[in-house]
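Each of the two complexes below includes subunit A, the first together with subunit B, the second together with subunit C.
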Partner chain A sequence: MTMAGTTPRRRVSLGGALPALTGLGTLIAFFAIMEVLIRSGGLNRFIVPPPSEIIASFPRIIVEEQVLSRFVMTLTECLTAGVMLTIVGVSGGVLMQRFKLLQQACETWVAALASAPVVLCYPLFLVIFGRNAWTIIMMGFVSGLPPVILKTLEGISGTRKVLVNVGRSFNLTPTQQFWKILFPAALPTIFVGIRLGLIFALINVVGVEFLINFGGLGQLINELAERYDLSGTYAAICFVVLVSVLFFMVLEKAERWLTRAE
Partner chain B sequence: MTAPSPKPANADILVVDDVVVRFDTPDGPVTAVDHVSFGVRPGEFLSVIGPSGCGKSTLFNVIGGLLGHTSGVVSVCGETINSPHQSIGMVFQEESTFPWRSVTDNVAFPLELIGMPKAQRIERARHFIALVGLDGFENRYPNELSGGMRQRVSLARTLASEPKILLMDEPFAALDEQTRLLLGDKVLQIQQQLKQTTLLITHNITEAVQMSDRILVMTYRPGKVKRIVDIDLPRPRTSEIVGSEAFGRYVAQIWADLREEASRGMRDEEEHALHQTGAAS
Partner chain C sequence: MPASAPVLSPVTLLRLVIILTVLAVWEFLSHSGWLYRDVVPSLLAIGRALFDLLAHGEYYFNLAVTAGEVGTALLLGGTLGLIVGIVLGANRFLSRAFESYLYYLGPTPKIIFFPVMIMWFGVGPGSKIALGTLSCFFPVALSAAAGMRQIDKVLIRVGKSFRASTAQMVFKIYLPAMRHPIINGVRLGLGVALIGTLLAETKLSNKGIGFLIIQAYSIFDMPRMYAMLIVLFILSIGANSVVGRLGGLDSIKRS
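Now for the complex of A and B:
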C-alpha cells in the first residue's frame, strides 16, 4: 500500500540523498561512457550523436524550434487526456462495480482493449476529430482508459470485507459507505491505475503527434529526424522525458495529498 | 446432558430467542446456530465460548444485524433486530481500523456520522483514546501501530459511538499471549468503569473466566447452548486472579464441557479431510 511506504521514507530522510545521488551518478556515468564510445568510434556518431553535442543543441532548438511552446502544448494535451481518463475511468470502474451486469458485459473487452495497439486506430480518430489537438488528446485518453477502469474496479471490489462490515455496523447509507469506506480503501489501487493510464496516454500523445505530424514535441521530433538533425532530435526527446517527469511529480503530490488529507 | 436454555427474563437488554441460522452450501444445508436462546442483563459481561466452527461468529453477525437468521428473534431493548441496530457496537476479530485515517479520525468516525462539530468530536475522540491507553498516538496512522494498538483503536472507535451493548468477536485472537492478557485487563477495566454491557465471543477459557459474569458454552455443530455457567469471582479481576484455586475450578469445569465438543470437532474435521482425499483419488 502506498501509505505504508511514506513513513519509512520520511524516517530515513537523511540517507535519502544517497539513492538520488547514486541515480544521478549512474546517469552521468552512462553518458560519459557513451561519449567515450562515440568519440573513439566504437559507436557510429551518425546514428547516435555524442551527449555533449545533444546538450550543445539545446539553445538552438529552444530558440529556433520554439521547443518551449511545443513542450507546453504536449504537456497540455497529456494533462487534458489525464484529467479525462481519471474522471471517466474512475466513474467507469465505479459503475461497473455497482452494476454487476455491466461488469460481466464489459470487463473482458476493457481488458482486451488494455493490451490492444490502439495507436493503429489513429486514422479513424483523424476522420472523426480532424487534424487537430483533439485527435491527439482522444488517442491518449482512449489508450490510457482501460487500466484506470480495471484498477478502480479491482480496488473497490477488493475492499476488505471487515471494513465494509464496520460501515454496516455503524449504519452507513450506501452513499456514505461508498465515500467513507469503499473509495478511500480503493484509492491506492486507483492511483496505480491512473499512473499506468498516464504512461499509456503519454506514449500515445507523443506517438500520434509524430504520426500525424501535428502539435508539440512529437511533431518536432518527426521534423528534426527528417532533417537528419540527430542531436536536435535527441534534445527534443529530452523534453519528452521532462514532460513525463513533471507529470509524475504532480501525480505523486496529488496522491500524497489525497491519501493523507483528512 | 444439554441444559435447557433458560427463558429470557424481561429485564434483559438483549434477548436471543430460539435463533436458528442455516446456510445453503453445495454439500447441502448446514445448521450453524441451532435453537439458541439466552438473555443479557444491563451491565453484564457475558462470554460465548465454543470450539472453532461452532457458530460463534455467525451468532455475532446475527446479533449485530449483519446476517439474517433463518428463524427466531433477536431483540435489543425490546426492538427486534433485522439490520444493524444503533445500540449495538461491534469489534471484529480482523484488523478493522481505517488505514487512511489517523487514530483520532478513526475514533471520531462514528461522531462524524452523527454530524458532531469538528472541535467537539476531536475532544470526544481524545477521551476514548485516553480510555484505551493510547494517549500520545492521536496523530499516528494505523500502519505505524502494533496489532494490539490497532485493536485498541477499533475498540475506542466502537466505544465512541456509545453503544448500549458492546459485541466483540475474538478481538484478541490475532495477538500474542502477553498483549492479549494486558488488553484483557484493559477491556475489563473499561467495562467496569463504563458499566458497559458486553458480549465477548472467544475460544479462550482463561480469558472467558477472568472477564465474565456468565459464560455460555456452545456445542460443536450444530451450535447449541450446552450450558450457561455463573462465574462467582470477586471483582476487580486482574490477570493475577488467574492463579487462584477458585479460578482453576471454573477453568476445569468449562474445559470438561468443551473438551467433548472440541474433540467432536476434531474428529469431524479429520473425517472431512479423509472424505476429501477419498473423493480426490
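Now for the complex of A and C:
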C-alpha cells in the first residue's frame, strides 16, 4: 500500500522496503501505546476505546449491521453519481470547447463553483428530492461536476498541434476530427477529471449519508454514535476510511491501466 | 447575437443572457405551480429574505462565530500541515515511510469523524474547530511536501554555503521558495476547513452559519435558506480568490 503513491521505480531489496516497514511499524507502535495508555487509565476508555476492542467489534459490525449491503448501497449511489458526472461533465466540457464564447463566459463560473461549499446545499436538496437516495446521489453529482468539466476542457484544448494538423491534412470533417483526433488525445486528462469527480462524489455521498442519517455506510456511523456504541463507532469509521482508501487506489489503478491501453 | 451595444463584449453579453434566462425560468417555475410551493420561491421573496438577512445583527454574530472557527482551524491545521510537510519534503526516508498514508487519508470524508470529535472536544465550537483542523491539515501538508521537493537545489546550496541554521534555512530559503505551493495548499485547506466546520454546525450546534441554514430548513423557510446559501457562496468564492491572489497564483499560471 505504501509503495503506491511513490514513483513506479521499485526496489525489492530490504533497503527499498525499509521506509514502508517504518511507516507500518510506527502505526502499530502508535496503536500499542494507545492500548497501554487506555488500559492503564491514562486515557478515558469511555472517550477512546482500546484498539483491541475496536478490532474485536469489527466482526460484530459486519454481521449485525449489514455492512456489506450498506457498502453496496453507498457504492451504487457513488457510481450512479459517477455515470451522471461522466455524461454531463464530459459533454459540458466538449460543448464549452466547441463554442469558445461559451467557454469564455462560463469557465470561471465552473472554477468558482469548484471552490464553493456546494455540499452545504444538502438541506435544499432534501427539500427538492426528499429524504431518499436521490438527494445523496445528486449531492455527489453536483459536487463532482466541476473537475470533470474543467479537465475535459483542458484535455481537448491541450491536444498537440501536430495531431490536429495530421487530422487537417487528411481532410477530416469536424466530427471525424473530434472522434479520431481530439477525443482520444484528451482521454487521459478526461480520466483524471472523472477520477477526481468520483473521489468528490464518494466524499459527499458518505458525508450526506451521515448528515441526513439515511442510506449506507455514512448512516451506520451516525447510528452507532447515537447508540453510544463507542467501539462500534470507531470500528465503523475505520471501515469507511479503509473502504475509501481502497476506492481511491482502485481508481488510480484503473486510470493507469486505461491510459496505458491508449 | 448582434453586437447592438459596443460597450458590451460578446462574452459579457452571453453571460448576461445566461443569467437573465436562468432568472426568467426560475421566476416562471415559481409561478407555474408545477413544483411544490416554496421549493422555488419567487425572486422577490429571495431578495426580501436576502435583505432581511443582511439587515439583522443576528446573521453577523453567527458569521463571526463561523469565521472564528474556520480561522482557528486554518491556523492550527495549516501550521501543523506546514511543519509535517516541510519535514516530509526534506527527508526522503520519512516521506517514503509516511507520505502515502497522508496521500490516501487526505481525500477520505472527514465529517464521519464528527461523533469522535464531539466526544473529545464537546458539543461547542471545539469539535467544529477540530473537524476543520483535521480537514485542512492534509492538503496543506501534501502541498508543502511537494513544494519542498521542487525547490531549486541551487537555492538550498546557497543557504548551506552561507552556513544558515535550520531556522534560517526554513525562513530564508524554504518558505519563500515554496510560497506558491503553500498558498495553493492553504487555498485548498481553507475550502475543506470551511466545509468541515459548516457541515459540523449543521449536524449539531446552536450557533454559526451552518446552524442558521439547518434552522431555516427545519422551519421550512426556503427563501431564507436560498439567501443564506447565496451569501455563503459569494463569501467563500471571494475568500478563495483573495487567498489565490495573495499568493500570486494568477501570475504563475500565465507565465
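Keep this in mind: the second predicted complex is superposed on the first by the 187 of 262 C-alpha atoms of A that agree within 3 Å, B and C clash if a C-alpha of one lies under 4 Å from a C-alpha of the other, contacts with A are read in each partner's own complex, and residues count from 1 in each chain.
Definition applied: a contact is a pair of C-beta atoms (placed from the backbone, for glycine too) under 8 Å apart; a residue touches a chain by one contact, two chains touch by 3 or more.
Keep in mind the model is a prediction, meaning the values are calculated, not measured.
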item	value
Which of subunit B and subunit C A:I55 touches, first, second, both or neither	neither
Subunit B or subunit C, by number of subunit A residues touched	C
Which superposed partner A:L95 touches (first subunit B, second subunit C, both, neither)	neither
Touched partner set for A:V166, first subunit B, second subunit C, both or neither	first
Contacts of A:L37 with subunit B and subunit C, given as first, second, both or neither	neither
Touched partner set for A:T259, first subunit B, second subunit C, both or neither	first
Subunit B versus subunit C as contact partner of A:V119, first or second or both or neither	second
Subunit B versus subunit C as contact partner of A:Q176, first or second or both or neither	first
Where subunit A meets both subunit C and subunit B, residue numbers	1, 3-4
Residues of subunit C that touch subunit A when the two form their complex	10-11, 14-15, 18, 36, 39, 93-101, 103-105, 107-109, 111-116, 118-120, 187, 191, 194-195, 198-199, 202-203, 210, 213-214, 216-217, 220, 222, 225-226, 229, 232-233, 236-237, 240-241
Residue ranges of subunit A touching subunit B (in the complex, touch as defined)	1, 3-4, 7, 160, 162-163, 165-166, 168-172, 176, 180-181, 184-185, 187, 259-260, 262
Complex contacts: residues of subunit B adjacent to subunit A	64-66, 83-84, 86, 88-90, 92, 94-96, 98-102, 105, 109-110, 113, 141, 143-144, 161
Footprint of subunit C on subunit A - complex, ascending	1-6, 18-20, 22-23, 26-27, 47-48, 101-102, 104-106, 112, 115-117, 119-124, 126-128, 199, 202-204, 206-207, 210-211, 218, 221-222, 224-225, 230, 233-234, 237, 240-241, 244-245, 248-249
